[in-house]
Each structure stands twice: as C-alpha cells, then as structure tokens.
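Have a look at these structures, which come just after this line.
Two complexes follow with chain A in common, the first pairing it with chain B and the second with chain C.
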Partner chain A sequence: MKKLSAASKAYLVLIFVILYAPIFYLIFYSFNSGGNMNNFESFTLEHYKAVFADSRLIVILINTVIVALLSGLIATVIGTLGAIGIVSIKDKKMRNTLLSLNNVLIVSPDVVIGASFLILFTMVGVKLGFASVLVSHVAFSVPIVVLMVLPKLLEMNTSLLDAARDLGATKRDVLTRVILPYIAPGIFAGFFMALTYSLDDFAVTFFVTGNGFSTLSVEIYSMARAGISLTVNAISGLVFAVTLIIVIGYYFISKRTKSNAAEGQR
Partner chain B sequence: MRDLVKATIAIIIVCALLFVVADQMQSKGSAGSKDTLTIFNWGEYIDPELIDKFEEETGIKVTYETFDSNEAMMTKIEQGGSAYDIAVPSEYTIESMKEKDLLIPIDHKLVPNLVNINGDFLDLSFDKGNEYSIPYFWGTVGIVYNPNLIEDHLTFESWEDLWDPSLKGKLFLVDSSREVIGMGLNSIGHSLNVKDDVLLSEATDKLISLTPNVKAIIGDEITPLMVKNEAAVALTWSGQAADMLWENEELDFATPYEGSNIFFDNMVIPKTSKNVAGAHKFINFMLDPENAAQNADYVGYSSPNEAAWALLDEEVINDERFYPTHEQREKLEVYENLGLEWLGKYNEHFLEFKMSLR
Partner chain C sequence: MNKKTAKGPLIPYLFWILLFVIAPIALIVYYSVLDLNGDFTLANYVKFFTPVYLKMTLSSFWYAFLITVFTLLFAYPTAYLLTKTKNKQLWLMLIIIPSWINLLLKTYAFIGIFGLSGPINAMIKVFGFDPKQILFTDFSFVFVSVYIFIPFMIIPIFNSLDKMNPSLVFAARDLGASSWTTFRRVIFPLTIDGVKSGIQVTFIPALSLFMITRLIAGNQVITLGTAIEQQFLVSQNWGMGSTIAVFLILFMILTMLVTKQKSKGGRA
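Here is the complex of A and B:
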C-alpha cells in the first residue's frame, strides 16, 4: 500500500474526530456529578448506578441485546440460504428481479415497514411483544444479509464447485465444505450488519413493541421528551461499550479465519 | 464451517443466559403473583420508586411502557395487539378516544382518593363528571426568557411583548400548530378554540408580523439552548420551562394575562384493559397525597392534587408561575377537539406562517 500523504492523513483524522466527538462528549458527561451537560463538576458513577438500580431499564437493555443477537442469527441463516438460492438461479431475468425485490426492501422507509407489520400482526392476532419484535427485526435484516453475502458468492470461482463434484462430493458436502467456508467472511459481515441494524432500529420497533416488551431505542426516544438526562448518557455509554466488545470480537474472529485459511494452504 | 457452527452455538448460549437473567429480574419482588398491570405513559413521567411501592402494596406486577406523543399512543391502543390497563393522554385526545369508544368508564366508588383533587381540575369540558378520566398532571403554555439577554422592560405579562423590536431574531417557537396559532389568537384577544376563518386569518396576519423576531421554530432542542444561555426567549410548556429553570436559575417564566392554554394529562382505562380492578387500584394509589407529592417532585409538572400541595416544598407550591392562582387560571383555556376540518385549517394557517419566515 502506498503511504498516505500528510494532507490525507490529516483529513482522515479530522473525519474520525468529527464522527467520534459527539459520542465521547456524551460519555464524558455521563461521569458528571453536576446533573447536566453544561459544566463538568466532578467525577461520579451515580448515573451508572441509577441505570443498574432501575431493573426495568436493565431488562430493556438485555431484551435489546437478545433481540439483536437472535434476529441477527436467524436473518443470517435465511439470508445466506437466500443468497445461495439467488445465485444458483440460471435465468438472468429472474435473478435480477429477485435482487431488485431484495433491494426494494432495503430502501423502503422503516415507518412504512413498521406500520404494515403492526397491521399484519393485529390482523392475524399475534400478541405484540417479544415474538413480533423478533420477527420484524429478522424481516428487515434478511435483505441486508443477502446483500453482504452475495459479493462473496459471485467472486467464487465456479470451477471450484465442479472440482469438488468431480472428486465425489455430494451436494451436502459441496455446501458445507466448499461454499460455506468460502463465503464465511461475508456471512459474519452480514451477521454484524444485522446486529447493528437491530440495535438501533426505532421506527419499526416502535410499532411492534407491546405487553411490557420494549427495546432501548424506543425507551430512549420517549425519555428524551423530558430532555436528555445523564441516565441516557450512561446507557449510551454502556451500549457503546457493548458495541466495542462486539467489534473487537469480530476482529479476532476474522483474524482467526484468515490464519486458518493460511494454515489450510500450507 | 466449524467457525460458523461454533459462533452459532455461542450466540444461542449467550441468548439463553441473558434470557434467564432478564426473567429473574422481571419476576423479582413479585414472585408468584399472576396479577399484572400494563401502564402506558409518557417518557420520564413517573417516579420509578412509585411503581415498586405499588407492586409491594398490592402484589400486582407492573409492566410499564412509554410513548412520546398522544397520536402514537392512540394508534397503538386503537390497533389493539397490546393490552394496556392505564394510559395518560392529554385532554383533546381523551375527547377523541371517547368518540372512538376506546375507553372504559371509571367507577368512582373504587377511587375514594379523588376527593384530594382540587375542584378546578374536575368536571372539565373534555370529560364532564370525570366519567372516563382522572387528573394526573397539568400545565400551561407560556414564555420562558433570560432577563440577562433582553431589555429590562420586557416582562411578558402580555403577549404583545413578543412583538417588541428589541427581540429581533431572538425568539424560539415550539413547532406545534395549536400552540402557535393559539398564541396568535390569544394575542388579539380571541379564544384559542375559535372556528372562524376571519379570526384565524387575523391571527395569522398578526403572527406574520412577528416573523422578524422569530429565530427558529423547533422542538425539544429549546431546553438545552435556553439552559446554555444560547437563546433569549421561547414559547414553551410550563413543565418544560420548570426543567429549564431547574437547570439554569437565571431564567424566568411567564404566562401572559390575555390568556393561554392550560393542559391536563389524565389517567384513563382503555377498552383493551384486562385488569380493570387493578387499574382502579393504581389510579387510587396515584391520587394518594403522599404518592402524588413524590411524583410531582420527581417529574416537575404541576400536580392537581390539593392534598399533596401541603406536602410539597412551599417555594414550589407558592410559585405562581407554575401554580397560578384560581383567578389566573380563569383566563386559561383548554384545547377543545376541533375536529378534522378545523384542525386541518389550523395546520394550514400554521404552515402559511412558517412559509412567511425569511
């Protein structure tokens, strides 16, 4: 890789500062004993204590993570199989139609998706709560996973599959031993994208929460009506920490898959 | 492939663990009770300790959910799918919920603490005889201002002060048609519920003459701007103003004498309720003077509970800015449900005013 010039380095630093400054500003004040974001008085953990003392808030936080992980997982399974299915379609027109339909779901407004889910669930008679939130999160995550997995599938050399079949691999072997390992990075990327989409979705979730089940985005949104209190800062700090852990986890997983692949080549 | 399988198993295990933890936490303190109550309230509109106290006293397990606008709340109740036992809409929403037959009448025999409410807050136009609703909090629309950033003679006892040339580019308005058009109507001495095209146009013209002073029409951002001394004057609700004054002592609040809006958030029992008896218990619990005082202290809005006033800080309760006297309240008006046609006209006039900016 070519070395970056001083100017482009400075530009890069500037962009990152702009992106991260609000988050750090928020987290910084979550340790403020002053009770507002005007001036920093002294260091305190009372806002974090307030979060942990409010068991309702903790349950909501846990709910949010469970929904994100599970919906991410289910969407990844469906999306990966869907992507493989789309690629295996020989008819070009059909394939493009399916892909376009997939993209329409990505660009359609969340509010519309949320409202239609609410109408669907109440029409079918599904009680709003954990299941409805999970289903809708899976639904809006699947197209994203498809989009993340697809490039990996397309770059795969088809002679790899032919070779495997020539060597006597069954259909199942081809899928589990050739295709899936090859596209694993795309699958992981899809999962993490689905995870973040689920974590921060407000518009869809608002419509389908109910019966005591709520997620953080919905909760923070209604808390913000009374002004951003430092408790909100503290929760945001916690969520940021969780996200950071996930990203670090992702980094190590992808590093390991790479070194595994390198070992395999030896 | 092994990595994929391992990751999947890991995720499932983490989820299962989290599920157990959440379940434990939810059942804590109300073990064995099958009686539950689902409450739908505005965000940050109750002291969480009161929910714990209610659970302990009655053995009813509370699930608490929040919303951020009357309209969103009504949509969810109308659509069904979730069984709310208590909701806390504002007065004009109560009227339309009654029209749509979404409410269960309240049995006054089950809420003896209703006697604690000041008579001025009962039997109001939107719900005669309090058949469906019980007062929770109330407030007014007024002007919050920073005396250090404006000229001395402005006290905002009259709406006319907003038109003062010295306020050029210093005024913030809330982005809400009822509040702004209502203010325009009040400023020329009319009711904020008029259904008269001529008067509405007059009010809009009056508002358009205000445009040089208007800096922006915004929402909740007003609070931090005022607190940080970055704005001088803003039209806002008394509860929001109380928050600002709490954080910045330099600020002041006034409700002009020509009249303004007084709003009430009331507890109602939606048709979807599955625990009507529990809902009555909760309403009665919130009307208890001690609980009402604790809640008012936490939330910062004005309490309609006369018995609770004795328990609140004297400074708070004697503050006529937030607890206007009976005479002052006579001038204040409740929003009536205008109906779709007139609501549309109010919105159009508001839009016309907004387009005249700049």
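Here is the complex of A and C:
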C-alpha cells in the first residue's frame, strides 16, 4: 500500500485537532481557578467538587442514567421482538411497509418528534416529567434496535431452525436457545446504541420535559444560556472520561465477539 | 423465516408503530389546521406563504445547504485518507468518539472559543488585528454545525470507500486516467451511496437545528427548527408550529427522494 503523503497526513492531523480541540479546551479550563475560559490562573479541582456537592446536579445525572438504562432496556425488548416478527412476515409488501414505518423516527427531525410527542402526551393526559421523557426515549430508540438486530436475523441460516424443530424443540426453545444466542451481538449493539441516543438527546427531551424533571442535556442548555460556568466544564471532563471508558470497553467486547465469530466459522 | 412462526412478538412492536409513528404524524397534521381556539382553519397555511415565513424557509434552506456542502467538502478527503491508513478501524473509532460527547457540551465549548477574549481572538490580536465578534454571527453558526456533523458524514463515506474494489482504481490508472479523472469517473460514482446517506444525515437535521442557533448564533439565524420551537414553547401557538412541522416533514420526504439509493437487491 502506498504511503500517505506529508500533505495528506497534515490534513488528517488538522481534522483530528479540530475535532478534539473543543473537548480538550473544555477539560483544560475545568481545572482553572479563574472563573472563565480565557486565562488560566492556577490548577484547582474546585469545579469538580462543586459538581459532586450540588445535589440537584447529582439528581439530574442519576435521572439521565436511569432514563438511558431503562429506555434502552425496554426499547431493546420491543425492538428485538419487532425484528423477529418482521422477518417472519411472508407478505413482502407488508414487510416493506413496516420497515418504512420503522425508519420514520430515525429520519425525522428531532424538533418534529419532540413537538408531536408533546401533543400526544398532552392529549393522552400523561404528565410531563419522568414518564414522558422515558416513554419518548423508548419510542425513538426502538427503530434503532430493530435496524441493529435485523441484519443478524437475515443472515441466519433457516436450516438451523428446521434442524432445531426436527430435533423436537418447541417454539419457545427455538427462540431462547437458537435465535436469541445467534442474534445476541445485534441485540447488544442495539442496546448500546439506544443508550447513547438517550444520553445524547436534547431536542426531544427539551419538548417533553416538565418543570420538575431535567436531564443532563437540558440542564447544560439552560446553564450555557446563562453564560459560562466552569461547572459545565467539569461535567464535560467527567462525561469525556466515562465516554472513553465505554468506548474502550465496547471496542474490546466487539473485537472479542468478532474473533469468536471468526473462530466459529472455521 | 418460517411460516409457522407466531405473530405474537409483533404485537408490542405494532402497538409502538401505531402510537409513536402514526399517531404523532396524524396529530401534527390535525393541529396544523387548528387556530388558537381549537377551531378548524386554513389560516396557518395561508400564513406560511407570507413573505415572513417564506424568507425564513429560504434562509433555513440556504444555511442547511451551506452546512451540507462544507461538511461534505471536509469529510470526503478525510474519509478517503482514513481508508489509506494502517489500523483504519482504530482511526475511524477516533473520529467517532467526539460524536459521542454530548452535543450541548461541544456547542458550549465554542461559546468560549469564539468569545471576544477567547483563543481565536487572542490569535487575531497576535497578528495585530482588532478582536472580532465571531460569536452570534452566521459564520460561527455554520462552523459549529459543520463541526457537529462531520463525523456523521465521514462514517457512510468511509464505509462505501472501504467496500470499493481497489482493482477498479488500478485498472483506471493502467488505462491512463489521471488521478482527477479516476476520482471523478471511478471513485466518486462508486461511493455516491455513501455521499447520499451523508447528505441525508446532515441536510435534514441542519434544516431543523435549534439549540445551536440559540447558543451560537444569537437570534441572527432562524431555521425551521427554531421557528417550531418558538411556536410550541414560547408563543404556545401549536397550530402554527404544527404547520411549519408539516412543511418540514414534506421537505424531509423530498430530501429522501432526491437522495434515494438504488437498492441493489441486498436488504428487503
């Protein structure tokens, strides 16, 4: 393979620098004892202490994580069942219709999703707050799970199912002992994606959150609108650390399942 | 898969589609023909075609177009060069990591970076110029949006470049095509599907951005998204908000049709 020219390397480096600069800029100033993001006075951990001393902020962090985990879990169950159901449909037209409907929420602008869910919850009479945020996160995560699980189901060899049935497996056995283990990597990826979508979502949550309930995104938005606060920088430092841990963990797990799969094929 | 598979697993999923895909769209359409008192009216649609809203729609399109073009311009070479690196999956991962940092945090960073006494202005001062107001301009809005969208544009282009058969490029070169011709006639057409997906994930969200406009562009830039948020949460005029949302959905469908990919048999 041809080596990259110096100019190409410089370009790539520039892109990486631009991508990471804002993040490191935030983290760098999170250790600043001065009150702004312009001149660095001296090293301090006071902003991190402020995050952990602020019980309201801690509650918001816990809320965010609970919503992400719960909505990810529920969406994974509904989405996996949906994907299994979709592949079992014989009628091609029906199947395509379902798949198109599945993609509506993925391509829809967040603002439209948020606004329409706000109307929906108000009409049904759901109180805005934890419940409405959780339900909408489940709602926009389901199609992602379906899209992650579907390819695994499609690549599955149907003779596996026939063999299981011939050997006397019940429907339940086929599902829990053949299908689910086979599509597990897809389910795992779906859950993980749902989790990240939920943690990152701002626009939809902003519409359906009430007065008493807030997630990290919504809170950062109101803090940022009020001006610069180094507490936000400290939060970003923490978020970056957690993200890195998750990414590294995910990288190794996916590497392991990949090599397992490669061995299984041999 | 099998004819005997029960339809049981589909029930919660169908329930979800009915409640969260079909009902919300129906409700948006329903509310778009209601006035503030809840009576039927077409006034919202008439209002959308007044110069105020048309101008806003046009400027929203213009910004979304600019953002998409710049994102593509920077993302394509990046994706291309990434496929040429050793350990390309690792480098791709490093491109993706910033997209996992909360959007709000990244946007907030630019409030400091572009600020009057921020690092960019400090650099401008070093070169002997007066500090400039960068924040709250359309430049800052486009820059931050491009920054946010770049990873989402790189991923599909990277994937389609990665899938491309390299012998086609070698063949073109052997037949005497210059680098530019090879790119224009071979590489780009073969990766057009990736570009199209990249445009989809950039253009539609760019039409509806609202928090970047609020935080970075002051109230200089109003997109369709800003207008919807304004109508729903500030003016409490759900009817007008829904009407704008209906048009946003129509524009979205149009974008999808324009960037539709030729299905090559693969997935049903």
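The rule is short, and it goes like this: the second predicted complex is superposed on the first by the 221 of 266 C-alpha atoms of A that agree within 3 Å, B and C clash if a C-alpha of one lies under 4 Å from a C-alpha of the other, contacts with A are read in each partner's own complex, and residues count from 1 in each chain.
Quick note on the criterion: contacts are C-beta pairs under 8 Å (C-beta built on N, C-alpha and C of every residue); 3 or more make two chains touch, one makes a residue touch a chain.
Note that this is a predicted model, so its numbers are computed, not measured.
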* Asked: Just from the overlay, do chain B and chain C fit on chain A, or is there a clash?
  -> clash
* Please work out whether A:Val239 is in contact with chain B alone, chain C alone, both, or neither, and reply first, second, both or neither. => second
* Asked: Can A:Tyr221 be said to touch chain B (first), chain C (second), both, or neither?
  -> both
* Between chain B and chain C, pick out the one touching the greater number of residues of chain A. => C
* Asked: Now for A:Ile187: first (chain B), second (chain C), both, or neither, which partner does it touch?
  -> first
* A:Leu161 contacts which: chain B (first), chain C (second), both, neither? -> second
* Check whether A:Ile66 is in contact with chain B, with chain C, with both or with neither, and answer first, second, both or neither. => first
* Give one of first, second, both or neither to describe whether A:Lys49 is in contact with chain B, with chain C, with both, or with none. => neither
* Asked: Where does A:Arg177 make contact in the superposed view: on chain B (first), on chain C (second), on both, or on neither?
  -> first
* Asked: Between chain B (first) and chain C (second), which does A:Asn211 come into contact with in this model arrangement: first, second, both, or neither?
  -> first
* Choose the clashing stretch of chain C with respect to chain B from the list 4-12, 40-48, 94-102 or 112-120. => 112-120
* Asked: Once the complexes are superposed, what residues of chain A are shared between the chain B interface and the chain C interface?
  -> 36-38, 118-119, 206-207, 221, 224-225, 228
* Would you tell me which residues of chain B are touching chain A in their complex? => 1, 3-4, 7-8, 11-12, 14-15, 18-19, 21-22, 25-26, 28, 36, 38, 42-45, 48, 51, 63-68, 72, 76, 79-83, 220, 223-224, 227-228, 240, 243, 247-248, 299
* To do: Write out the stretch or stretches of chain A touching chain C in their complex.
  => 1-2, 4, 8, 11-12, 15-16, 18-23, 25-26, 29, 36-38, 77-79, 81-82, 84-90, 92, 95-96, 98-99, 101-102, 104-105, 107-113, 115-120, 123, 139, 142, 146, 150-151, 153-154, 156, 158, 161-162, 171, 196, 199-200, 202-203, 206-207, 216-217, 220-221, 224-225, 228, 232, 235-236, 239-240, 243-244, 246-247, 251
* Would you tell me which residues of chain C are touching chain A in their complex? => 1-10, 12-13, 16-17, 19-25, 27-28, 31, 74, 77-78, 81-82, 84-86, 91, 93-95, 97-98, 100-113, 115, 117-119, 122, 147, 150-151, 200, 204-205, 207-208, 210-211, 214-215, 224-225, 228-229, 232-233, 238, 241-242, 245, 248-249, 252, 256, 267-268
* Residue ranges of chain A touching chain B (in the complex, touch as defined) -> 35-38, 54-56, 58-59, 62-63, 65-66, 69-70, 72-73, 118-119, 121-122, 126-129, 132, 176-177, 180-181, 184, 187-188, 191, 206-207, 209-212, 214, 218-219, 221-229, 253, 256-257, 260
